[in-house]
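Here chain A shows up in two complexes: once beside chain B, once beside chain C.
For the complex of A and B:
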């Protein structure tokens, strides 16, 4: 089933000179894990926000084309309606703290109170996401007293607790150390395994290559390519789009080692190892 | 974390009274001296508030507030004592300056009324968590948006102050003078405004988006994580205050 259909989407910010998104079309199946890559200001965040309705409802501006998420047309529904189906985590964890709650536990409950969940269900879900995001030990702290990484985990937990069908993450691991990022990616992959569709804008290419089913490459508001990670990272023109392939791919490219039995370079450590061992032995 | 709320966490029966009743008490403390403008009644009201503050063990926190209020009131006493029209009986003569009895009496009623109102407000402010008050009001039907604005101010203002000191440190590290004479301090303040104001505007935009995607404008009826606190005595206290107010009106009209 097609979970997300984007059809000739064009968008210009109210004060922008040029289109931030230029004629973008793609489709995403239910349960896919999609990575959005591209250099800074290539339209990644704008595209993410178009999926939850912040574009165009929050910013206004000129909008063309269609975005349909789980059968809802974004343009004709309010953000509150869309937010029941699509959850979004933003880049900056500090501004995602509501500021009206005294503890992390209550902070996560904020969204659940708004959508009107019964108390028992709220407690169950909060307990679950605290465990999933590994922040149980800080549940009684003030949300502003957390470290950047903990705050980012809390921001993700707050959205996951709302159990959206589609999870949109805009650089969700910017404040996390490598081990922390790995944990968060693992957790998100678990969710993806449970059938949640995940769309993530991210700069850490190794992670994108490892976890995503398909990768969407954006450049100056245009969709360049939307394909499997191997295919995207094997492109020869990647650098012209300001993107560097994962380090494994670059090594294999330099050595001319293609993945066995196909025409693309390996993108993960495992595949690179296989390819290199294969050629040696 | 720094807090700009004056709430003091203590164990006392005043802390255990529900916020709505405390709001009624403020109204009560304002209205009674208006209905019965006698000196004794004002004194009794003030006395009640002070006794409540003592029981709440927050008397020490009230002192700065009281001293500020008295500083203002002293001017009222002096001006009324010296210049009130209708001053006749000289109470005190210091050279050419004379204090009059009528003026002082009038000033004293004002002093009592003001301290009375201030004390009633302090019972609310010092013994109630802001979030409890707002939650009680939202449950009573106040818009959750207004509630959010009130509660978030208590956390976001201290956050802004932290940001401001970070920016100031950054500017200082690049060689700007921020300490010393008043003029230097004022000069240091100006370049601070740009980043702080713009930064808060951007933060506000991002926070608004984050609230939106968490269903802040959802039309579903809101639920609450915390169970509604029950306050056994609030009905009784509210009833007593109502009866007293009715009695006061009756007294004023018929006696």
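For the complex of A and C:
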């Protein structure tokens, strides 16, 4: 089933000089884990916000084409309606904190109270996400006393607690150390395995290559390509879009070693090892 | 250039020390500080900059004890780019922000502006001089903070997680700045989580773990100690891991080294 359909989407911010999104079309199936890549200003955050309705409802501006999420057309529904299906984790966790809550626990409870969840179910879910994101030990602290990494974990926890069908994440692990990002990617992969559709803008190409089943490459507001990680990262023109392939792909490319049984280069440590083993030494 | 002896620190009087018994000397080698969130890296560089006072121990910058210096004296000697740009930025325009530190050390307006613009050119923000810093993206804010510190031309430059939110081009800018500072014989100290960037750009690497120095040595030596790194929850760079899995004997740090080794 098509979970997301984007059809000739065009968008310009009110104060923008050019279109931030230029005639973008693609479709996403239920349960996919999609990575959005591209250099800074290529339109990743704008596209994420178009999926949750902040574009155009919050930002206004000039809008053309269609975005349909789980059967709802974004343009003709309110942000409140859309947010029941789609949750978004923002690039800067600060912008997401309500500012009105005393503790991390209350902060996570806020969204759940809004949708009128029964107390018992609320408690259960908060407990679950605190554990999943490994922030149980800071649940009584003020959200503003957290480190950048902890705040990012809290932001993800608050959204996951809502159990959205579609999860949109904008560079969610930028403040985390490598072990922390790995944990978060694994947690999100688990959710994706449970049928949640995940769309994530991200600069860590090794992670995108490992976890995403398809990758959407943006450049100056246009969709350049939308395909499997192997295909995207094997493109010869990748650098012209300001993107560097995973180190594993770069090495294998330089050595002309393609992934076994494929016409593209390996993108993960495991596949690079397989391709190179035997040919070296 | 810096000598740290028996340094310990805790935020709360009798609480658990965030740093305990650190002994380190820094010379002009470009140095990366790595380790998990919460290991004490930011606290350590704030102590070097005199923003926090050691609970125990001593920090010498050149011949002088940090404790005995004023903030203004330290500002001429040591620059720190904060992890969170919002902790650093407070002026209304990009140019004013970059000039602030220079004017503060009593530099003339004309020279201050010239140096500020030069630094902004280095990070590619010279076309945004009159923009409000708060309208910049996170990656641009970080570059603005870097420019403001580089403009001060201090002997010691410390970056706290400079590559956060940067794309490939942003990382290249930071790489070039580090090289440039190194050519000018400045001590560059960088806290960073991007291990590939560490492998490609730093002579020396120090691993912090739970407030202590777990490893310290040439970057190659440090990344060859897989088991100790694991203890600190640090993974070697991707290319190092690949070479290791394929049984290459030497510790490989870059793609070029890998290719060179294969060509043998």
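As a working rule, the second predicted complex is superposed on the first by the 278 of 281 C-alpha atoms of A that agree within 3 Å, B and C clash if a C-alpha of one lies under 4 Å from a C-alpha of the other, contacts with A are read in each partner's own complex, and residues count from 1 in each chain.
What we mean here is this: a residue touches a chain if its C-beta (ideal position, glycine included) is under 8 Å from a C-beta of that chain, and two chains touch if they have at least 3 such contacts.
No experiment lies behind these values; they were computed from the predicted model shown.
Contacts of A:195 after superposition: neither chain B nor chain C is touched. Judged by the touch definition given at the top, the superposed model places A:162 against chain B, while chain C stays out of reach.
Contact with chain B, but none with chain C, is seen for A:84 once the two complexes are overlaid on the shared chain. With both structures placed on the common chain, the touch criterion links A:92 to chain B and to chain C.
In the superposed model, A:14 lies in contact with neither chain B nor chain C.
By the document's definition of touching, of the two partners only chain B reaches A:111; chain C does not. By the touch criterion stated above, A:255 is placed in contact with chain C alone, chain B being left untouched.
Shared interface residues of chain A, touching chain B in one complex and chain C in the other, are 92, 94. Against chain A, in their complex, chain C makes its touches with residues 35-38, 83-84, 86, 137-139, 164-170, 193, 195-196, 233-235, 237-239, 241-242, 245-248, 255, 258-259, 262. Residues 1, 131, 147-148, 151-152, 155-156, 158-159, 203, 206-227 of chain B are the ones that touch chain A when the two sit in their complex. Only residues 49, 52, 54, 58, 78-80, 83-84, 86-88, 90, 92, 94-102, 105-106, 109-119, 122-123, 142, 144-145, 155, 158-159, 162 of chain A touch chain B when the two sit together in their complex. Of all residues in chain A, those touching chain C in their complex are 39-41, 91-92, 94, 147-150, 171, 174-180, 203, 206, 239, 242-244, 246-248, 250-251, 254-255, 269, 272-273, 276-277, 280-281.
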